[in-house]
Each structure stands twice: as structure tokens, then as C-alpha cells.
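I have placed the structure first, in the form of C-alpha cells, so that the comments after it can refer back to it.
Note that the chains take the letters A, B and C in the order they are written out, and that residue 1 is the start of every chain.
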Amino acid sequence: MPLLHVERIAKSFGGIQALRGCTFDVDQGSVTGLIGPNGSGKTTMFNVITGYTHPESGLVKYHDATIQGQSPRTIFERGLGRTFQAPRIFGRLSLVENLKVPTRQGTSHEPSRHRSTEWAEEWLAFVGLAQHRQTMAGALSYGQRKLLEFAIVLAAEPDLVLLDEPAGGVNPSMIETMAHLITETNGRGVTFLVVEHNMGFVMSLCHHVVVMHQGQVIADGSPDAIQSNPAVLDAYLGD
Amino acid sequence: MNVGLWETGIVTGILTGGVYALMASGLTLVFGVLEIINVAQGSLIIAGAYLSYVLQRYLHMNIFIGLILTMPFMFCVGYIIDRVFIRRMKVDRVMMSILVTFGVALVIEGLLTMIFSSGYVHLQSGAINASFPFGGMRVPYIYLYCFLMSLVILAALYVLLYRTAFGRALRATVQNRNAAQLIGIDVNRMSSITYGIGAALAAAGGMGYGAISSFNGNSQYDLISRVLVIIVLGGMGNVGGALIAALGMLVVEDVVAAVWSPSWSTLVFFIILAATLVIRPQGLFRAKEARQQ
Amino acid sequence: MKRKRVQAAMMVAAVIVAAVFPLVVSNAAIDSVAIFTLMYVAMASAWNILGGFTGYVSLGHASFFGVGAYAFTILCHVWHVPGGWITFAMLPVAGVVAALIAIPFGWVALRTRKHTFVVITIAYLFIFQLLAYNLTGLTNGSAGLGSPIPSWTGSFFNIPFFYVALALALIVIAVAAWIRSSRLGLHLLAIRDDEDRALGLGIKTGRLKLSAFVIAALFIAMAGALYAYYITYVYPPFAMNPLDDLAMALMSFTGGVGTIAGPIIGALLVEPSQQYFTVAFQSGLNLVTYGGLFLVVILLIPRGLWPTLRDFVASRQSRQRVPQAPAAETSVLSSEGGGQ
């Protein structure tokens, strides 16, 4: 049984069909890549899975429970977190306070340690932002914001995290840091679904890759299989 | 049920609705271009009404002809207000603008009270006393004339917005303030001119308001709350939506006043707002979204 | 922390000064200004729980001031509460009535965001004003209602009101400070910064916003009830005054919106000066002065006095300690809401 199962999801905005019946799985414990040219529907898919957009039809199953149409809050409580392409942090709160924002209140997944300052600082140290703990998050650089957002989501100990371009717009050393953080937390049992344009990043990190093009899944397999798939090449080079 | 009352309500509603459309179009235009809520619009309307009052009382000028003087004058006042106060706001414009323009409104109200005292006044015109029969009641000609004046000015506004190069630049600014700046539109100048146009529309609207009802400096609160309700219903920044909302709301209000009770009609006005927003939080028509800072 | 201790000492000193104030100053006119000022400290601090913490600027909470005033007066009539000390027990009752009324109104308004929310709350004020005029069976229309009159006379009359107003102000400040330091406060501030993101991190944004709306209404209504008792009557234009609405926002912004000290400082500065302008200047000029002063403050120090002053002192200190302090961590970083 896969951790996340997406089946025949369709979504349109106005007259534009953003998603036309996408189906794929994310296996427990994997790092799965979701790639495709710009406008292929990856971010819309993220929004559907995390409850920010409601699909017209189709099914999203997480831990074998149907979650499509639920609010982002409920989905997060179930242990499915995400980051955004342009990191969304709380600019007028300090870093420690930012780390204390996420909550899975009312579920058995929020042990009291999650509310402690030590927990927050541990995560800040993990992503290398400990020295800025009392800084206002609005003063961080773009790359640092990505690290902070990663820590905020991971601090609630979700089972599945959707990362929207973790390596986008940051410098090479930051990309390495990010790759290391993903591998490290994946080793602790967190499953990842990653949207990314940096192919080197995707191919070295992911166990499994899903390719989208024009709102459809056109390929699905191991990184090696994907790289040698002619349909994928066509999609990227333009048919 | 008296059919005559209904008809009268609908007719006076449409006629006065035209004047409210004038006031609301200025407010919604300012929101569209400047991305601010101009709470001072109510006091600018009253200032316009007092200007017409001065011209008519001391220079014995016809109130409609007086607009030739009051509208350009109020345009300048608006232009200056933008230059001195509005342009200084850099951060959190939507929220800060409410406070800043409220401050401006207080100063204008205070000045008007100092000059004219707080007694209620009413514009005079031959058309106010003469009336034509309609549905068992007599409708003063002034309602009709004010409606026609509103139509003429709104038509002029339409031509300005949709048939001139300036209008194109202005609509581009409504679409996207930052992008407009990138393609070389002087957004600051555009803002001052728009605020001036808003004030000029307030001058005309104020004349209509002062001809239909009596007013003092304090009337601004009632006015601004109604006009704000209209532009929210019309979708903020949407001029066409504001026109339809103005006519609709005034018809509803006047019909309720005619067939039920004038004291409850204004309440119905606000209840429609609340009820609408439960169903459609974005207003009846598409609103321009204020961008996040 | 040194700064915390300095702030605590300032707070204690302020409370002591306030506590002995009416004993030292026996001028009835000044005492009355002091009572109104304390009421506004309470109202601005309560308003700040919604407007400052969540960023939802309400210009309609003066409605609940009026609802509190009317609820107090009407319930005193119905239950035959006489004037005296016991009457103060009706303040929380009036507050709860207003809070219950605030729930549906808050629910509707909070379906919208930013500017639309502001406009709806402005409409609320007029809805309640019209109701006060038109529900004559309940409110006696424009003639208004008389509240119970206590038997205190002379210079003593102000004393009970002063201490109750002081107590109310301290309670609201304590509640605001508690909320700010709790997880609830953190979540309210997160809503202010990015509401959709907060929702996606498990925060029950709808419920929290409504709580802040209702808590603000509760305390503002208690101030309204106190007001009705103090001036011994209530009628529509006094109970639902657009200027009161602005006053709460103005005081918070003047002092520093979103901070605990800001609304207190704002109320202490704004209310006495407004009272002074009303007495000292002719009608009209008082509005010009008030509005003009307000414009100067908001345009020159948009973040408010308290955060501006605090950062100024902090940057002075850090410059003295470390002459080559990195510029990156001074001005831009510390903004409102970071502490109290």
C-alpha cells in the first residue's frame, strides 16, 4: 500500500484544464520526484494534495484515507506538510516563534515536546540557523527562508512532506545543504514528494520519478528509466 | 398593496441612485489605482456640496452651472491631498490609508464646521420646488436633473477611461501597479490625477446630494458608509459594478421607505451587504485584489 | 533579561501613580478626564487583541461599546438594579451580552479579508446606530435611556468610577499580555503575517480570529457599560460614535499596533489631548487639531511611538557596546510584535 495515492485528478481554471486525470503513487519511505516543464501542472497538483485547491474529480488517498476536498489544516494535522516555491514564513516573528507555529492539535501526533523552545532550537540548529534564533524571519535571505520553512514543516514530525522547488533560486552550497537535509530526514522515516527543475538534484536524490506534461502523467519510474524515456525527452524539448 | 408606492420607490431610487453612482465611481476608481480606501470621500462630497452652496447663495449662480467651477477646484484639492498625504504612505497602504484619509476627513469636517457652523443647509433651485406627478406622488424635477447630470458626467468618465491614452494608462495601473511602472507609466502622477478625479466626482455628487437632502459637516459619516457599502457590493475597483450596485441599493432603499418605513430602509441597505457577503465574500462583481506587500 | 526588568519596573511605577492619582488630584474635571483615559486604555488594548495581533483592523467595535452601554442600562431597569457599588457587577453581564451578539457579526465579517473586512465593520457601526434609533421599545429611540444613579456626591463621585476603570484597564492589559505570550497569541500573529500559510500549518484560523473578535467586543462593551453608568444615561449618537472607532485604532497605531505597551501609551497621550481640544477650541477647530495631529503622527512614525523608541534605544545601546555592530540586525529586523 502506497503512503499517498493520487487517482484520476482533474482540475480546470476558467477554460484551462490544468490537470487532466493524473494518477501516481508515493511509496512510504521514498523520495519521489515530480518533474515536468513549466506549466505542466505540478504546483496545481501540490495544491490539490494539500487542500489549497479542490479538484473537480478524482481521488487523493493518504494513509488509505480519502483526503481530497479537506482543508489544508486537516490535511496538515494528518501529517502531510508542504513548502512553497517562494518560501512562506512569518516575517514579523522571530525564528524560534516561527518554529512554534505549526500544530497538530487534537491529534495524538503532538507530544508536549513539540511546544518547547528546546524543540524549536534543535530544529533551527539542524538546518543551520541556530545563530539567528531571535532574528525576525523577515530579515533572512531567500535561501535561509527556504531552510526555515523546511524546519517549520518538519518540526511537526509529518509522515509526508511536499517540497516545491527546494533547490530553486539558491546558491550551489545551499543546494548541497538542502540535499543533505532531505537525505537525513528521509533516513529518519519522512517520505518526500519533490517538485524540482534541477535535474542533477532530482536524479541524485530521488528513488522514483513521476513526469508530468500538459496536465497529465506521461512517465513514471526509476531515475534511470526516466532519463532514457523518449516521451520525457519530447516533452522537455517540445514536440 | 399600493402599486403607486412601489413605482415611486423604484423611480426615486433610480434617480438618486445616479447621484450615488457618481460618488461611488470616484471612490472605487481611487481604490483601483491607488490601492487605498479613501475614507475622506464622504467629507469631499460634503465640501463639494458646500462649494455649490456658496456659489448659489452669494453669487446667485445656478447649481448645475456652478459645477464648471467646483469640479476643477475640487480636482486641485484632491491632487494636493494626494501629494501631501497619500503619497507619503509606503508600507501597509490599505490599512494605513484608512487612518490617514480618516485624519484628512476630520480636518475637512472641522474646517467646514468652522466656516459654516453645524447648522443644516439645503441647496436652492427652481427645480427643487417644481415637480412632476408620478404614481400618485409628485417627484421634484431636481431628481430628474441630478440623474441626467450624473449620466452626462459618467459618460464623460467612460470616454476618459476607454477612449483616451490617459484612460488606457490608468486602466493599466488598475490592472497592475507595478507592471504599469515598468512600462513607463508615471504611477505617482497617475495617482494624484486619479485622486483629483475622485474629488471632482465628489464635487458633482455633493451638489446632487445637497440638492436632494439637507446636510452639515457631520453628514460625511452617513455618506461614506453608504458609498463604501456600494463599492464593496460592486466589487472594489470595479467602476461598472459600482454603478449597478448604486442603482440597485438605492432602489431597494427607496422601495422599502415607500412601502414600509423610511426609518428601516437604511438598515435594509446594510443588511443586504451582510447577506451578500455571506454568500459571495468578494462582492457581487469581480473585485480587484489588493496585492500583498 | 535586563529589558524585561526595566519594563516591569515601569509598569509597577505606572500602576502606583495611577492608584494614588485621584487621592492627590481632587479636581473633578481632571479626574473625569482620567476616568475616560483609563476607559480608553482598556478599549484600545482590547481592540489591539484583534486589530493588532491578527491584523484585522475593525472600525466597527464601537458598536459593541454601544451594545454594552445599552445592555447595562436596559438590564439595570429590568432587574431593578439600584445605583451603587453593586451596579458595577453588571459590567461583566453587559460584556457577555455584547460578546454573544458579536459572535454572528464576527462570523460574517471574518469571511472577508483586509479592506473588505474594514468596510463591513464600518457598516456594522451604522447598523447598530440605526437599531438604537429604531428599536424604540428597547432603546427608547433618540430620547435615550437613563441608567441607575449612585448616591455618591461631590468629589467622591469620581472615585469609585476611577478605580473600576483602572481595574478594567489592568484586566484587559493582563489578558492581552497573557494572550501575546501564549500559543494563542503566537497563532494570532501568524494569521497576521500569512493567514493561508497558518491554515496549512494546522492552525484553526477561523476559530482564533473569531475568538479575538469576541474578546475585543467583550471588553469594549464593559467599557461602554461603565461609560453609561458614569454619565448616567445612554443615547444613540453617544453610544455608537464613529470617532470612538477611530480613536481605538488611532491610539493603537500612535503607540505601536500589535504591542502591549503601544495602545496604553497611545490612549494616555491621545485621550487627554482630545478632551483638551474639545474644551479649549471652538467646535470645528478641535477636529482640525485632532485630525492634523493624527496625520502628523501616522505619517512621521507609521510604526508607532513605542517600537520606534524601543529600536532607537536598542540601536544606541548596541552602538555603545559594539562600535562596529553589523548593520544587518538593527533597523529592518525588529518590527512590531517581536516583544512587548
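Convention: a contact is a pair of C-beta atoms (placed from the backbone, for glycine too) under 8 Å apart; a residue touches a chain by one contact, two chains touch by 3 or more.
This one's a predicted model, so the numbers in the text were calculated from it and none came from an experiment.
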Chain contact topology (line, ring, star, complete or other): line
Centroid comparison with subunit A (C-alpha atoms), farthest chain: B
Distance from subunit C to subunit A - Cα centre to Cα centre, in angstrom: 42
Gap in Å, rounded to a whole number, between the CA centres of subunit B and subunit A: 48
Centre-of-Cα separation between subunit C and subunit B, whole angstrom: 31
Interfacial residue positions of subunit C with respect to subunit A in the complex: 183, 186-187, 189-190, 192-194, 196-205, 328-329, 332-338
Partner subunit C, residues of subunit A touching it in the complex: 50-52, 71-73, 75-77, 81-82, 84, 88-94, 97, 100-105, 115, 135-136, 138-139, 152-153, 156
Subunit C-facing residues of subunit B, complex: 31, 37, 85, 88-92, 94-96, 98-100, 102-107, 109-115, 117-118, 217, 221-222, 224-225, 228-229, 231-232, 236, 263-264, 266-267, 270-271, 273-274, 277-278, 281-283, 287, 290
Interfacial residue positions of subunit C with respect to subunit B in the complex: 55, 57, 59, 108, 111-116, 118-120, 122-127, 130-131, 133-134, 242, 246, 249-250, 253, 282-292, 294-295, 298-299, 302
